[in-house]
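Scrolling down, you'll hit the structures one after another.
One chain, chain A, appears in both complexes that follow, with chain B as partner in the first and chain C in the second.
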Partner chain A sequence: MNVFFRIGDKFSDKLYCPRLIHFTYIHTYIYIYINIVLQALTLQTVSSLIKKEKSGPSIMLKNYIAKQVTSDELRTLITCSGRFVLHSVSKDPYDNLALEDYLFRHTPLPESTSATSVKNNRLFLYINNPCCVIGRNQLLWREVNVSRAIAQGIPLVRRLSGGGAVVHDWGNINYAHVTTRDGFTRTEFTTKLVRWLVERDPTTLYSRLQATDRGDITLDGTHKLGGSAFKIGARGRAYHHGTLLVDSQLDQIKGLLQSSQGIPGVTWTGSGVDSVRAHVTNLPGSHSVTSIWETITMGFQRDFAGSANNHVPPNSSSHISQHVPVYSCNASKLQIAEVQETAQKLRSADWVHGGGPPFSVHFGPPQTMPERNVAVRHGIICATDIVGLALGTPFAEFCRTSRAVHGLGVDSL
Partner chain B sequence: MLSRSVRNSIKSQSIKSMKLVPTSAKILVSHETINANLNKRCYSVYNKTNYNKNQIKFTNVSCNFNYNLKRFNSTSVKVPPMAESLTEGSLKEFSKSVGEYIKEDELLATIETDKIDIEVNSPVTGKIVKLNFKPEDTVTVGEELAVIEPGEAPAGGAAPAASDAAPTPAKEEAPAQTQAAPAQTQAAAPAASKPAAPTPKKEAPPAISLEEPVRTTSFSRNENKIKMNRMRLRIAERLKESQNTAASLTTFNEVDMSAVLEMRKLYKDEIIKKTGTKFGFMGLFSKASTLAAKDIPGINGAIVDDSIVYRDYCDISIAVATPKGLVTPVIRNAESLSVLEIENEIVRLSTKARSNKLTLEDMTGGTFTISNGGVFGSLMGTPIINTPQTAVLGLHGVKQRPVTLPDGKIESRPMMYLALTYDHRLVDGREAVIFLRTVKELIEDPRKMLLF
Partner chain C sequence: MFSSIAKSSTILSRSSFRLFLRAQSTNALTKTQLPFAYSPTGPASIKYTTQHEWLATHSDKTTFLGITKYAADALGDATYIELPEIDTEVEAGDSISSVESVKSASEIYFPIKGTVVEVNENLIENPQLINIDPMGSGWIAKIKIDDEKDLVSKDLLELEQYENYLKNHTEE
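Presenting the complex of A and B:
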């Protein structure tokens, strides 16, 4: 306010103009000055805001508490309607997959099929120890360098959903989104996931992350950050699970999966699903696995919140029940029989080696002469023209021990 | 309810004929009588050709009705819609086969497309009548995948064995049958055995049909059906294949073991002290076989495609009994090893076999087999050839027998019968007999082995 009077005073001292002009001059200047001041103020605030963003990703504080649940509580949770996020403390890949399957099979369908009924969406997050995971209908030896994996002590897992081969380690977050079959699309969850990640770190990630229609997450369209696989059950449920590379040690992972050209001299025939190979990379910007884990949980809580349909845990404090609740459990210590049975089945050599479709292998030049064929069904050799190779030998044993005997000098099988 | 063709055929009939058509229910029941009535009533009114035409159409219609009725008894399972706008998938496998019983909501098939794995569950409980596709076929959404005839699985154990897992032993049948005699429990028994795992055969008599008199005590009539594991199945296949491809014949001979036993008695302790090897007679027989095989190379050969492969090395497979079963580790280059070295190898391989450490390389690639049935006390027998080998020498038990010596005297000697099963495609009878005779001579006088 003083400013105006001062200006007015200054001008009134110096100007010898008629009163009218004097008046307009003052007002124009006042107007101009107000505008300039206001603009300056807004510029300041904008620049300060920009400065804040440039200083690094915004820290979103964790606003939930993951409640530990016992086996019985978990069983009730899963079979009653309501949405929640489940964290797994266990890092055993077989147990985590078994729990995921249990969650998928026992999530209840919404009571009515009308458009207004809300689905029981569940999110299951877990991290696995380093392991190689292939799809249900893949040929193990074509996708994974089995001898190297065994030499490095890395377990092999064949999951229950389709898709290709991936390698997990502690820098990789696995998520599983259980929902209903109606209106299930492959991109509904990945688009949301991309949005949560971009909101977390817009400066580095804005317009670089994309969710493709196959359900993958790519960076700049060239590198892959995460893949997905899906499973639809005829009882009206579906799930979408996938990986997200945050902080993986990619060099160690390289070499476990077979290259796309395959092993020279070895030809595979069979209807196993091929992996679509891509260059992989970690999420840019140095993020920790924990922070991304929290981002995903909070994103799910926000986007899938719905007042009437959240599972209200008993004895909960009121502020938690307005969001989607978060629970955590240890998949390896659960006492649910179905989970243990599934984990056992996933661990068995019958499933890992023998679970894919029948196939046959042709060994030929340049690595081996003369040419030989082996036909395998359920992981057991059922026909071969190699003299001295007994039918009924498991293919895994053949790869491990006797190839040299028969002159099939092929490594990396 | 009516298919398009039937509707069209009805429309194409003239109105007069339509009026003569009674209601649809009656058509289904007795179309022949209706035709007969028409025949009687209308023969004079319509000319013959016209009427015949109508009649033909009429029977077509009724045939279609019957056909449609049959179809509605079964449930058709269609390929379910997949996510988004995907229309095609690849059928991965059927988890049940035609003729098996499936429960409602049990897994019937899995389809995979573009990273989505889709489960198809059965909508009804019933018997699978038809499966339309093979694994790895492309299926489109809406196509018929399978046809299931609704119905409960029949009671009393006549359900065919469906599951891959080993069915639990039919112990439920035993108590059911022990109670079968009193008539009151006969109705209860099949009901008790019904919830059990599927019992094997239709011929297994349900408790009701027994007509035997009442017994105060009954014996166990247990059957334990364990599904063969895949290794066993393949081994069985292989053995059968050997029988089918090779023209197997067996020739016998007997050998006087007194010289060998005496040699063993003389040198056994010295050998153990000197080298630690236990001196049996497998080493001697191996040596004798390799020497005889030098004369008859066919014994050590193999048929590959349309040619015979003769080898100058002799890898002898020795049959060893382990707790897991019979394994045949191979002694490589037995023709170049001495008797004691062969014995050492045998001991090493059998310890490996008994501790389950035998690798596949140890077990494959033999050219000749020696099988010792004598340790179990056999008298005579015909061993079976391991494909792709050509011959197998079987040793049997050493038994004291009175024999006539060349000079006419009769003495009691420890005699062993030898059997050589050979593949006649490669080795003639004369050659096989000569081989066995050579082995016999070398064993009866081990000093001869020094000469060759």
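Presenting the complex of A and C:
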């Protein structure tokens, strides 16, 4: 059964990848084999297989093995000195962000506080299931077409860091570089990342990629390959996290964010942070998510090697570098109370809908005449001139029914 | 980002320069603004943290909290300031606010025990006040502290110590 699932994984990886042209005969045979086996399977097994296929591609590392760690081992690794790379096999955006926050809060500061002291730099890599992610201080409904996301079953996520709205899917790699606040720059990590990518494929990428002052990566100066956000605090720590579009289904992403023109008749007022709109594109050239994942991991191992503090586990099978070990865990299965609590908070309506600044929304022509207003604080309607709309109603609930009941809407249909 | 400033702090450390420094440092309180002018004689104590917050405490235990000029310059243009709720009881070391600038959310800590009595609502509409006058009109919160004795701590620095800290901890 295990062997079968491995084939299934590989197969779904290929299916997901649009470059079907590379299908070999072997894959075709596997395909036929799977079809035959599928027919022989019970209904229950078929549904579990489909579920497996729906869980997205698996990262199958070729050049090294990431050592799987238990919750206890991970807690020790994070709270002790040393640099490492951590991979999460979970694709749950809330659980991955919760682990990222735990890593940020519990990474020890260097013992010496001088600017030249060795820091406990850590790299966390993960891939999320398709989801819409907004910055900590954004107005959810101004950024995301919430009704469309709900209709498509796409989760809504409010980050703990700043920045704008972005859509994730399985073709997008998320990285987080945890470092210290002293000497933190917005470009340190992306500058390195650009170099690793160019070294990998100079023919396609030389002089085309740029790490911008805002921490983004652009292609030819016109299109964004990835965005960034930052968190500074937790007693002298900082992280830079961001996305890298490798093989995303960009056409499906488009309609989930609100258009820059907004919705006719809807005006937002509030002090929240606006997203900066950008054209996005995947990394050019033929790269799989797995291979770029490896490139980032090995680039980090190379550039951040040389710390004497590093703990090298006795059974490490990493042969690329003994200095910066690579670990793997499942953020959704960790028995670490703080991670679970953060994930629960990130999932809650209080945080997703109720977070961010207070705001008002004004409905005018062509939606309605006379004009109507709704004021919202902590996600709850605190003032309105719409007859029949009770104060205290969650704004999310109002949005779900507003078109049918009041003829008003904050999303395009 | 954090390394770009502190150029104004090159002449420190010699005690004869202290008075000069107090008048010249960009990390000194703005005398015309509320955090300083709240009481006629000015604050009884002005302390700094290594996380780049300042605390100006007046004789009635009223303490204004803000971020230093160094921090404001390092963060860049502020786009949103998350303010604490009034009446929040703050434990020493709690994160009570955050400043967002160029996609960074920076946590603001309060190092001692107290209760939030007022927040600077001007920051809601004008977050850039943090950049224009971080040591004055860009104050974040007014907090009644429980005990002035808490201000005596090796983690709470005088202006000279803070400037020295900046000198030693930022890469040129």
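In the analysis below, the second predicted complex is superposed on the first by the 330 of 413 C-alpha atoms of A that agree within 3 Å, B and C clash if a C-alpha of one lies under 4 Å from a C-alpha of the other, contacts with A are read in each partner's own complex, and residues count from 1 in each chain.
In this text, a residue touches a chain if its C-beta (ideal position, glycine included) is under 8 Å from a C-beta of that chain, and two chains touch if they have at least 3 such contacts.
The structure displayed is predicted, hence computed values, not measured ones.
Asks: Given the superposition on chain A, are chain B and chain C in a clash or a fit?
Replies: Superposition check on chain A flags a clash between chain B and chain C.
Asks: Taking the superposition as given, does A:337 touch the first partner, chain B, the second, chain C, both, or neither?
Replies: neither
Asks: Applying the touch criterion given at the start, work out whether A:151 contacts chain B, chain C, both or neither, answering first, second, both or neither.
Replies: In the superposed model, A:151 contacts neither chain B nor chain C.
Asks: Where does A:382 make contact in the superposed view: on chain B (first), on chain C (second), on both, or on neither?
Replies: The first partner, chain B, only.
Asks: Tell me which touches more residues of chain A here: chain C or chain B.
Replies: Answer, by number of touched residues of chain A: B.
Asks: Who does A:236 touch here: chain B (first), chain C (second), both, or neither?
Replies: In the superposition, A:236 touches chain C alone.
Asks: So in the superposed three-chain picture, is A:390 touching just chain B, just chain C, both, or none of them (first/second/both/neither)?
Replies: In the superposition, A:390 touches chain B alone.
Asks: Would you sort A:61 into first (chain B), second (chain C), both or neither based on which partner it touches?
Replies: neither
Asks: Pick one for A:357: touches chain B only (first), chain C only (second), both, or neither.
Replies: both
Asks: Scan A:273 for contacts with chain B and chain C and give back first, second, both or neither.
Replies: both
Asks: With the two complexes superposed on chain A, say which partner A:401 touches: chain B (first), chain C (second), both, or neither.
Replies: Touch status of A:401: first partner only.
Asks: Going by the contact definition given at the top, which residues of chain A touch chain B in one complex and chain C in the other?
Replies: Touching chain B in the first complex and chain C in the second, residues 135-137, 160-164, 181, 184-186, 214-215, 228-235, 271, 273, 357 of chain A appear in both lists.
Asks: Can you list the chain A residues touching chain B in their complex?
Replies: Residues 135-137, 160-164, 181, 184-186, 214-215, 228-235, 238, 271, 273, 357, 378, 380-382, 387-394, 397-398, 401-402, 404-405.
Asks: Touching residues of chain B toward chain A in the complex: what are they?
Replies: 80, 82-84, 90, 92-93, 105, 110, 112-121, 135-136, 230-235, 237-238, 302, 304, 359-361, 363-366, 388
Asks: Considering only the defined contacts, which chain A positions touch chain C in the complex?
Replies: Interface residues on chain A, with respect to chain C: 113-115, 135-137, 160-164, 181-186, 214-215, 228-236, 271-273, 357.
Asks: Quick one: in the complex, what on chain C touches chain A?
Replies: Residues in contact with chain A: 1-3, 50-51, 75, 79-80, 82, 93, 95, 98, 100-109, 124-125, 127, 168-171.
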